[in-house]
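Order of writing sets the labels: A, B, C, D, E and F. Residues in every chain begin at 1.
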Amino acid sequence: MLTEFDTSLPSIKQVQKLIKENTSVELKLITGDIIAGTVLWQDSQCFCVMEKDNQKITVWKQAIAYLRQ
Amino acid sequence: MLTEFDTSLPSIKQVQKLIKENTSVELKLITGDIIAGTVLWQDSQCFCVMEKDNQKITVWKQAIAYLRQ
Amino acid sequence: MLTEFDTSLPSIKQVQKLIKENTSVELKLITGDIIAGTVLWQDSQCFCVMEKDNQKITVWKQAIAYLRQ
Amino acid sequence: MLTEFDTSLPSIKQVQKLIKENTSVELKLITGDIIAGTVLWQDSQCFCVMEKDNQKITVWKQAIAYLRQ
Amino acid sequence: MLTEFDTSLPSIKQVQKLIKENTSVELKLITGDIIAGTVLWQDSQCFCVMEKDNQKITVWKQAIAYLRQ
Amino acid sequence: MLTEFDTSLPSIKQVQKLIKENTSVELKLITGDIIAGTVLWQDSQCFCVMEKDNQKITVWKQAIAYLRQ
């Protein structure tokens, strides 16, 4: 289950780095949607992403297939 | 699993704020459905949303892909 | 995970009320199916619904996207 | 999670009754498949169903949307 | 969650038997894929299957709908 | 749940071997996507894969159907 928020996990640390460096990412969701923008924050259940049009979107981690930088 | 209801989580706090401020949101579900309205309440498993036609709909968090404000 | 059956949860209480008041509901499933009828009982994993043609159907909560009254 | 096998649950007891009474059922899966037959046994993760052509099929509970009798 | 590997479960024992007897099986996945071959090993998260063309494939149990012998 | 990272599991050990030997793999996701490349690291929630065009992609294990070598 994705409610474990173990900051020692490489995958969690990787996203913390992306947040710190304000790196643009693409999230592919299991719905087929692709969310592009920069990650503002993450917790055990969600990412909050600032999209290109400065709109904030909260993505549930359960729906994520992959992340590309 | 989404039955953890940790009110210190940013994602839970974000929705509490949306409820308090009666903010309109759009929930995209993994079925492709988009539910628009204001969130009345949330618990560890569901959101209750008041839709535009004043109809109440209970959305299972397990089926949510993302939330837009 | 949906095996937590915490009767203090608003979402569980809401369905208990629907059962008590024999309210007609529509359940949208992640398969796209819509199950219409009245909820007979619920437990941590399933709803049992009496459909319009008096047929009983057991729906796994894991497959539910939303419930409309 | 569906690895809880609490035989006091109505949904588990319902299936135990279907097994005992050799009742024909239809299982709708999230793949869209419909499995028809009689349930031979169940555990926390699976049902074993005897299909009409006397073929045994093991269905993972995680993939079940609903059961009709 | 499928990380429970309780070897007393009928469904786990069934697959152990299939492995021992080198029985050909078909796994239907929630992607619609059908994987045919013999099961080499299983753990709490995966099956390893030897396909007909002697290629090894690791299937995540989370993605399995059903198994036919 | 896939947050259990038990390095004694055959499926975890298999991927550790693929990482060590820099073996090319194909991951089929439940979205239908096929991710090809070499696995750089894994944790309880994700794989990080170096794709053919030297792009890094983080795949959530929850979205994986199978892995071919």
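Assume contacts are C-beta pairs under 8 Å (C-beta built on N, C-alpha and C of every residue); 3 or more make two chains touch, one makes a residue touch a chain.
These are the chains along with the protein names UniProt gives them: A, B, C, D, E, F = RNA-binding protein hfq.
Note that the structure is predicted; figures quoted are calculated from it, not measured.
> Between chain D (RNA-binding protein hfq) and chain F (RNA-binding protein hfq), how many steps is the shortest route if every step has to go to a touching chain?
Each step joins two touching chains, and the minimum needed here is 2.
> Just to be sure I understand the contacts, which chains border both chain E (RNA-binding protein hfq) and chain B (RNA-binding protein hfq)?
Both chain B (RNA-binding protein hfq) and chain E (RNA-binding protein hfq) are touched by no common chain, going by the contact rule given at the top.
> What's the farthest chain from chain C (RNA-binding protein hfq) if centres are computed as the mean of the Cα atoms?
Most distant chain from chain C (RNA-binding protein hfq): F.
> Same residues or different residues where chain C (RNA-binding protein hfq) meets chain D (RNA-binding protein hfq)? The copies count as same if more than half of the interface numbers are shared.
different
> I'd like to verify one number: the distance from the centre of chain C (RNA-binding protein hfq) to the centre of chain E (RNA-binding protein hfq), where each centre is the average of its C-alpha atoms, in whole angstrom.
Each chain's C-alpha centroid was found; their separation is 32 Å.
> Can you compute the centre-to-centre distance for chain C (RNA-binding protein hfq) and chain F (RNA-binding protein hfq), using the mean CA position of each chain? Integer Å is fine.
Roughly 37 Å separates the two chain centres.
> Quick one: report the Å distance separating chain A (RNA-binding protein hfq) from chain B (RNA-binding protein hfq), using the average Cα coordinate of each chain.
18
> If I count partner chains per residue in chain C (RNA-binding protein hfq), which residues reach a count of at least 2?
Expected reply: 1-2, 29-30, 62.
> Could you please specify the touching residues of chain F (RNA-binding protein hfq) with respect to chain E (RNA-binding protein hfq) in the complex?
By the definition above, chain F (RNA-binding protein hfq) touches chain E (RNA-binding protein hfq) via 1-2, 4, 6, 9-12, 14, 28-30, 32, 61-62, 64-69.
> Under the stated contact criterion, what part of chain A (RNA-binding protein hfq) meets chain B (RNA-binding protein hfq) in this complex?
1, 3, 29-31, 33, 35, 41, 43-46, 48, 55-60, 62-63
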